[in-house]
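Two complexes come next, and they have one chain in common, subunit A, joined by subunit B in the first and subunit C in the second.
This part shows the complex of A and B:
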């Protein structure tokens, strides 16, 4: 009759072999996926605020107390992106605009701010962007 | 006293298992190294593309490069805007004239800091209609990095798309 011999040596050898496989395949040695998508969202957010400012849409929104033009600009952005803009002045909240079909917020929200001048007053546009 | 050698089935099995584990570990290690190398190349390409896309959003140097003949000594930096994120129509027209000539392609590529890379960029309306493009698009299957930037052209929102590959 044949049997198995389990010695301390064989247990140590087994532990070493398993450790080797775990270390080589370890997530520690793996390269993390690029944060490319996050960087793209940030870039688009900054571009979006810039073109809202350059086109005069922010100034007109404050002057007319209307978010319709901002909502139009939002609709031109990729459908996979959700956006929410909040305008405030020295007296606090003025108005907000939300991209159609984007209620609630995603788990990774990027916050961008831009200050602009309308008349002689300073205002802040706060943009929250997340992927649908 | 005579000395002998004991080779049992157990020892042979243990040896075979050891070789198998060692081989698997080496293969796994090499695979991880290759993946890390690919990822590093990709990161470099992304960084290069990001810098070039930022440059496209500037007026360039000289800022009226579209009015002159371009060559490596006259064009120091290439950009499409008149001010931040506002595309200049005359520059769009000019890239249409420059497109298709290998010499111009090399000069523009170099002015974008992409000497070792290939580049394509285009300006598109939001509905996807191409207004103007420069260079030839990356071949199918190539690992290209694509960046979209938002800008204004004649009061309309447009997308500036840049693709970089090697």
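This part shows the complex of A and C:
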């Protein structure tokens, strides 16, 4: 009888232990996107817009009404990142450009914006970035 | 019975310890993520300052090139005179940025009074670059420029009548070197001399097409600054100029538009000039 109680007690304790380990461990074991990785994607996006602006690609895009140069710049970025650029002026939407092979959008999209000037006109560039 | 109780108790204690460990690890992770997010907010402020500074560069110029070696620095301004009045352009830009800052949930305000009062650029070595519709000036706000040489290329679109630029060749006793490469529809003039940074000297060109047109180069001590240089244009001349200031300025050399920007978003606040480049 005594041995049975000890065995039963041990089994209950074991079940309890396994249940608690699962409950406690699950948030740790779950794969979550890291803030460090998010920050890196965000910084890459801001740097990308800065390069587009300072190289004059944004100004040329609105001047020539062509997104080909922006698409070329996108193709030089990491293949694990998808990007979509949208340019707007005072009258609203002007043009957009999407990285090749990146139709649709991911579930975690990072939004970056930058202003630029061409002559006496002011524009905004909006970049949406997500990981493939 | 006692043995079973001990096993259960020790299991519970072990689990409690694991729970506390996990909690503390999660808290550390959250703190680390918060630190990253805080840094990201500061990053965003820096990107906005860079964005607005580059916009001003696109709107107002001038084109600036800074080259340095171990002993000296060259700052070159490429400019056109006359300049159109940019007060309405800056006012429109302020309105545009007000809308933009609303859109991105920040509070950005710009103060262009310094630029509209004439001082376009300020440098970390104390140099200032003033510009209005018809003149540019390089000087230092509270001391001498410490420039060792100026090299000035000027071109105009008229026939000259009288000029005194050649007189620079006979000035050889000063401490600051002055090189002028002048050209107009008559041809070019090369002049190399020196000037005393503590006195004032002027050289000019007048024109036949429009008697009211002239170019004036002033060097020396004016605007409360020794070793300064100014170029002024009058009349309907179109003048292109390329001015290089040379000196042995130590430390990093940065320049900013003389416009103040105030940025705030959540707990991040930054108030500064719009710095463009650091060399």
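Convention: the second predicted complex is superposed on the first by the 98 of 132 C-alpha atoms of A that agree within 3 Å, B and C clash if a C-alpha of one lies under 4 Å from a C-alpha of the other, contacts with A are read in each partner's own complex, and residues count from 1 in each chain.
What we mean here is this: a residue touches a chain if its C-beta (ideal position, glycine included) is under 8 Å from a C-beta of that chain, and two chains touch if they have at least 3 such contacts.
No experiment lies behind these values; they were computed from the predicted model shown.
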Handout entry: First (subunit B), second (subunit C), both or neither touched by A:88
Key = neither
Practice task
Using the touch definition from the top, say if A:21 reaches subunit B (first), subunit C (second), both or neither.
Solution key: both
Practice task
Would you check which partner chain A:117 touches, where first means subunit B only, second means subunit C only, and both and neither mean what they say?
Solution key: second
Practice task
Look at A:50 in the shared chain and tell me whether it touches subunit B only, subunit C only, both, or neither; answer first, second, both or neither.
Solution key: both
Problem - subunit B versus subunit C as contact partner of A:73, first or second or both or neither - result: first
Exercise for the section: Kindly classify A:39 by the partners it touches after superposition: subunit B alone (first), subunit C alone (second), both, or neither? Expected result: both
Problem - Of subunit C and subunit B, partner touching more subunit A residues - result: C
Practice task
Once the two structures are superposed, pull the subunit A residues common to the subunit B and subunit C interfaces.
Solution key: 5, 13, 17, 20-21, 24-25, 34, 36, 39, 43, 50, 54
Handout entry: Partner subunit A, residues of subunit B touching it in the complex
Key = 10, 14, 17-18, 21, 24-25, 28-29, 32, 35-36, 39-40, 42-43, 46, 50, 53, 57, 83-86, 126, 147-152, 155, 157
Practice task
Enumerate the contact residues on subunit C facing subunit A in the complex.
Solution key: 1, 3-5, 7-8, 11-12, 14-15, 18-19, 22, 25-26, 32-33, 36-37, 39-40, 43-44, 47, 50-52, 54-55, 58-59, 89, 92-93, 96-97, 100, 103-104
Problem - Partner subunit B, residues of subunit A touching it in the complex - result: 5, 13, 17, 20-21, 24-25, 29-31, 34, 36, 39-40, 43-44, 47-48, 50-51, 54-55, 73, 76-78
Practice task
Within their complex, state which residues of subunit A touch subunit C.
Solution key: 2, 5-6, 8-10, 12-14, 16-17, 20-21, 24-25, 27-28, 34-36, 38-39, 42-43, 46, 50, 53-54, 59, 90, 113-118, 120, 122, 124
